[in-house]
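So, here's a batch of structures to check.
There are two complexes below, and they share chain A, which is joined by chain B in the first and by chain C in the second.
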Partner chain A sequence: MVLNPVVIFLVSLVFPGVVARTKAKIVGRKGAPVVQPFFDNIRLFQKGNVYSQTTSWIFQIAPVIYFSTIFMAMLFIPLGKQPALLSFEGDFVVFAYLLAFGKFMMIAAAMDTGSGFEGMGANREAFYSLLVEPAFFIVIASMALLTNHTSFYNLFNNLHLESELSYLIAVLSVYIFLWIAMIENSRLPVDDPKTHLELTMVHEVMVLDYSGFDLALIQLANGIKFAIYGALIFNFVLPMQDYFVAQLVIFFVVQLLFAISVGALESFKARNKMAKNPQWILSLSALAILGFLSVLIITGKIILMD
Partner chain B sequence: MLVVSISLFLLPRRIQYPATLLLIVSIIIFSGQVALQAFSSTNPVHISFIRLFGDEIFLVIDQISAFFILVINLTMLTGILYAKGYLKPYLPGKSKKALALHYFNFVWLHISMLLVCMLRDGLSFLIVWELMSFTSFFLVIFESEKASTIKYGIQYLIQMHIGFAFLLVAFLISGMITGEPVGFESLEKYFSEQAVFPLFLLFFVGFGIKAGFIPFHTWLPHAHPAAPSHVSGIMSGVMIKMGIYGIIRVLTFIHTDLLAIGIFLLIISFISGVIGVILAIVQHDIKKLLAYHSIENIGIIGLGIGVGVIGMATENFTLATLGLAGGFLHILNHSLFKSLLFYTAGNIYRQTHTRNIEMLGGLIKKMPKTAFFFLLGSVAISGLPPFNGFISEFLIYLGMFKELHTGDLMLSLLLLGGIVGLVLIGGLAIYCFTKVFSVVFLGNPRSNQTEKAKEVEGSMFISKYIIGFFIVFIGLLPVLILKPLAGVVSVFVTDVSALTAIAPSLQGITISLSIFILVIAALWLVRKWVTKTKPIETGPTWGCGYTGANPAVHQYTATSYADYIGNLAKYITGTRKHFKPIEKDEIFPAPRKFETHSSDVFEDYLVSKPSGKLLKFLDRIAVFQTGNIQHYLLYAIVFMILILVLTILNLV
Partner chain C sequence: MGSENKKYAVLKNNGSVGTAEIPVLSYNEFSSEVVTLLQKKENHCVTYFAFPEVNGLKFIAGIAEDTNHNIFVLSHFLPETKPQKLESLTPKINALHIFEREIHETHGVDFPGHPWLKPVRFAHNRANKSMKVNDYPFYTIESDELHEVGVGPVHAGIIEPGHFRFICNGENVLHLEIQLGWQHRGVEQTMLEKQTLLQRNIVAESVAGDTTIGHSLAFAGVMESLAGIEIKTQLDVERAVALELERIAVHTADISSLCTDVAYNLGANIFGILRTLIINFTQSWCGNRLGKSMIRVGGTNFPFTNENRIRLFKTLSEYEKQFVELAHLTYRLPSVENRFDDIGTVSEQQALQIGTVGMAARMANVLRDIRATHPSPAYEKYNYTPVVLPKGDVFSRFLLRRKEIKQSIAWLREVMDNEEFLFPSDTPKAELKLKPLSLAISLVEGWRGEICHTALTGNEGKLAYYKIKDPSMHNWKALELSLRNLEISDFPINNKSYNLSYCGFDL
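Here is the complex of A and B:
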């Protein structure tokens, strides 16, 4: 139980490094060691801060709240047979809304700088996350429909008990979650962390004015966010595993594969046109609804002709 | 009471306010006592009220009434406390009588709302309903020197009377068909014998106009900005809930055909919620924006109640209990954060004399306390933890998720619709409130008067501390409100064990949110400790290396922030952009203007266009009204000849 956040946190330290390394390998560079982002953060923690004159206390407290929401979200994640530290009926609602609170504060902080660019980024972030939210809830709803449970732990642990067909749902859910993770972490194809033009940035431009301790907190939180989604994906694919060590190994393998696939996707995929993003994001919800309909068929609520 | 309140007109200016406060407090103590008594007993409390045309009329207070009475009292208390500071700048310009009229109507709005919740008899109910509309009308037109205030006030009054007509017809139908005295009690018999849905629809329109369900909402975005802020807070916080009360009261008498009603409520609430918030996003007038947000919240309340009714119809007690409990709790929650937001918006208006958010900006430095409370209200209304709005949405969510599996196909699909609705509303609310909070309070001031704004005096924050306390209290310790909620819901559902069954969840929320706050506090301290020894510098915001920009202009505006939604939903918001594109051969472009306008598609097509057509038609008829006496004599002769001819032909 206590171990869940610890391993997720450990993974989060190297996760961005693995992604960067994969991307480097694919384009034929050698790449930095996977722990480089971690060292970068340590260096940032030791630095002083530069604040814009325009900013207020909102700008200073936002990274703290943002990190805390993601830290809390980590405590809600079960790992296979290991229940989460915080687990109760409806915990996923708290999970999603806590993340939303962190986002609220980061958007406000970006607007606090009074910069046109940061406003633009904040606006896009607000818009995209509002579009992606239904997909998450519909996937969870399909699982609740299938298993008749309403907490992360029970949802995942009863997912594969009902019928073998549920693996179909798991595959679809993993696919959706992969893209949700990409959007929520401001990656391609919606946002490109590599871009150097403020006009085309989303997340990067929101944190342009951050430095030192605050920036380190944000980077750390972003890593954890990735690892959280990796852990959720792990929960989908885990075949019932009673052996703790085996579970742990599978967990690390899944996270590694997830990081590599993020790197690979980033290398081979082009960025969407800005104006096409809403449709693209909404298509995830459409896929999620397909999943929901399949569950209706599996549970016999929609009876197909025989 | 009438005598006492009339004496307000005679009192000297100085003690008018204390006297009103005293009156309100005594009403609160008296009615609160009765409400608490009703809460603790299972049977409704009956009190003999007055004799009207020889019939004795009773006040009947069950747990639903008691709940609404407590909500009304709380908001009226904060409203009158806030009014003191808010009215101060108006005192020199207003005559003693005008102020007395304002206070008088304030007291009577309070009394009429309380009576609405207690009366069951049809005639007296309609009288106090009318009284509520009139007193609130006079409160709205407080700034009667402005022409627009009167215009919107009249518009409000007319729409209230359309609603009144529907209620009157609905009551009369039920009374005539059942042969019982007109009133709520006759509905029991009517609904058990006759078709349920048509009469419910009549009641729904009548009460829905007050509540502001789309498409009956068009008075809200005009009346709220026109009214003084303490009045908008009360109207949005509790008065529109009287419409919800009416719908709930009618629902208590319906036992058959509930499924259709539930689905109807769910769909119309979904529409109200989503479209309400979309329309809110494109507003620039802060109070108009908040008014549209009330429509959204009415949608959330309706979603809860609709889901609850569907649960009752399909005998899913968990769904019924949690949906209704969430809906009821959201009534209380919305009265808290919406009045808080209107009061803080009042602070802004008082200090900057503008409601246009494009003129504001950077107020967090000038008005830090106002900014804090506005942020609290914004986060709470967006339904985010650790505040109260989250709890009511959580209850509705949990009810829907729990019953996904057990219901049949239609129920599952309906619930999925409800879930998606809540998610969309939540996301859009965050979009809306990040916009309004950021544009008003953050960044740089966008106008002169904003630059000179100062914080309001401390006494104007008493009401905000009270509301803030409840917002945090409900958000952190939701377990404590389970019992009163169970009492209210038990009027509808006999088995409310589902509410006690979710106590572990609510405890889980308390624990997680406490940890959350501790983590924030700890991290803040660590941050302070670490950065203590580090150099701190300040400088201008990063502007891509360009330093010549005017910081007030080089900012994201509310219009651009809302642009995505304005484009996505342009058929609803009617957003139009006016600008001249730069010509190809225009080497030195002339100065240009860019304007955007948005309207409300429902208002255009349901109110403005029909009433415009009606006026045109009436204009055409008015050709007869020439003002020429010879013409009128001619009309008389024509009429007489017509009568003569008709009599000869035996037609009359």
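Here is the complex of A and C:
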């Protein structure tokens, strides 16, 4: 139980590094060591903060809240047979809104700087989060309907017991979750974490004014967020293992594959046009509804007539 | 045309003429002649400036006729005693707006009828010294629903300083205004102050760092013409080879940067690597990757040898093999096409109206290519067929680079196959004796477009005035027009797709 957050946290330290390394390898560069982002964070933690004079306490408190919400959300994640530290019926709603609350604080902080750029980024981030929310809930609701449980642990543990068809739903859910993870973590095709062009940034521009300790907190939290989604994907795909060690190994492999596929996706694809993002994000919800309908059919809630 | 009603002197590219042979017209005649000439589609204004003479200002306009390789030079004299006020030509010929603004800024001449005589670059020698760069009069729209976004002059990326002000309705841009001049160094003034030829040559190389060959070629053209030096065709071919190499290198780098801006990792890195092949060849030829010290007046220190020819063949084959393969992948990738397609469109009519030159014109179906319309001996010997694309959007500018690279390689191959680099070219001249009281104009098609250098000599053959016109001068306007009704997030790729020069404009 206590181990879940620990392994997720460990993964989160190297996750951004693996993504960056993959991108470097694909184009024939050597790339930085996978622990480089971790070292960067240590360096940043030792530095002081610089605050703009136009900002208020909201700006200063936001990174801590952002980090703590994500840290708390991490406690809701089960790993296979290992139940989550916090688990109760309906916990996925708390999970989703914990993440949303952290994001809300970051948006408020970005507005607090009074910078034209950051307001723009905040506006985009709020809009995209709003659009991606239905997809997340519809996917989890389909699972809940299929399993008759509403906590992450029970949901995942009962997922593959009910019906063979659940694998189909799982594949669809993984696909949707992969993209939700990309959107929530401000990666391609919606956002580009590496860009230096303020006018095209979404998440990056919101944290432009942060430095030192606060920046390290934000980056650490971003890593954890990625690892959380990796853990959720792991839970979707794999039937429960009775052996703890096997389960752990599979967990790391899934996370590694997830990080590599993020790197690969970002190498062979260009970004979306900003105007096309909303449509693209909504298509995920459409897919999720497709999954939901399938579940309705599987569970006999809808009976198809000849 | 009889000499009695002769209104202008006729020159060829890299030609010179005695200032006495340029008829000095009254402003009425001057303006009607300029307007008549510029209303013809085959003519466009390559330069228009004023410079102080005894008791007044002398105006010189250079108009290039694309069909017959001619350059018409018109002039007008405005005495000090008369009011410094001339009716503006901009309402009739829009493309002249920037020249009139420049004359207004430097000499304080008023142009009634000009829509807005904004400062161009806050030159040190401007007429109105009380106006500072912070007093720039921006266009504003009063509304509760609109907001302004200001970017620069300090940027996050490695670009030069320029201030961009957007008037936006949400994500949509209604209007973009570009304020430049942050990098004004007084190049034209330095050109006169420096006394030795080598110093001036180095100044010319530094007008715009990415167009070293282009600008130094134009400088050499002007100087050789004024000194009456006839260079061998072989030397001109060598110079053109350098010019095309510069074009290939910068175009490749631009394709890479465009990939970076849309986060296409593979293209961004591999095209960047490919550029190195070309600039490394330039380095092995003249010792500098950007081609500094390559172009010298009257000769060269780095003759193109047969050994160079063999190596260039090898470099080109290696480059082309990889370039074609990767371009094939990149230009067909749906996400890349989708990102570039149908945004930032400039229509053919707009491009003509604002007087775009070079790539910014050719991507919008306007043929402006000095290599074809005012060729130097090298391009007369080996013809170059310009690439023109019809659409005028970001994808056109992206595609134009690929096609021009292909065209340049083909041209280089033709030269390598047919030209015999038998005799090493002359060594450069250390000093020149310039013809007194003369004017020379040189046009060069740099990778960005038409570069125009004009020089005038005084009584004893001393340089009296030097005028540089970078292609960016007109083309910045095209970027402003591209942004109309576009999303603000599309600005960076539009900016990159033009890749205009800040320092070339600021001088």
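Quick note on the criterion: the second predicted complex is superposed on the first by the 304 of 306 C-alpha atoms of A that agree within 3 Å, B and C clash if a C-alpha of one lies under 4 Å from a C-alpha of the other, contacts with A are read in each partner's own complex, and residues count from 1 in each chain.
The rule is short, and it goes like this: a residue touches a chain if its C-beta (ideal position, glycine included) is under 8 Å from a C-beta of that chain, and two chains touch if they have at least 3 such contacts.
As the structure is a computational prediction, the values presented were derived from the model and not from experiment.
Residue contacts after overlaying the shared chain place A:26 against chain C, while chain B stays out of touching range.
After overlaying the two complexes on the shared chain, residue contacts for A:90 are found with chain B alone; chain C is out of touch. In the superposition on chain A, contact is made by A:120 with both chain B and chain C. Using the contact criterion defined above for the overlaid structures, shared-chain residue A:138 touches chain B, although it does not reach chain C.
Once chain A of one complex is fitted onto chain A of the other, the partner contacts of A:72 are limited to chain B, with no touch recorded for chain C.
By the touch criterion stated above, A:198 is placed in contact with chain B and with chain C alike. Chain A is touched at more residues by one of its partners, and among chain B and chain C that partner is B. Counting contacts by the rule stated earlier, residues 116-117, 120, 198 of chain A appear in both its interface with chain B and its interface with chain C.
Contact residues on chain A toward chain B in their complex (touch as defined above): 45-58, 61, 64-65, 67-69, 71-72, 75-76, 86-91, 93-94, 97-98, 100-101, 103-104, 107-108, 111-120, 122-124, 126-127, 129-131, 133-134, 137-138, 140-141, 144-148, 150, 198, 208-209, 212-214, 217, 278, 289, 292, 296, 299, 301-302. Taken together, the chain C residues at the contact with chain A in this complex read 147-151, 156-157, 171, 259, 261-266, 268-270, 273, 333, 335-336, 338-339, 343, 487-492.
By the touch rule above, chain B contacts chain A in their complex via residues 361-362, 364-365, 375, 379, 382-385, 390, 393-394, 397-398, 401-402, 404-406, 408-409, 412, 415-416, 419-420, 423-424, 426-428, 430-431, 433-435, 437-439, 442-444, 502, 504-505, 507-509, 511-512, 515-516, 519-520, 523-524, 527, 530-531, 534-544, 551, 554-556, 560-561, 563-565, 568. Against chain C, in their complex, chain A makes its touches with residues 23, 26-29, 116-117, 120, 188-189, 192, 194-200, 266-276.
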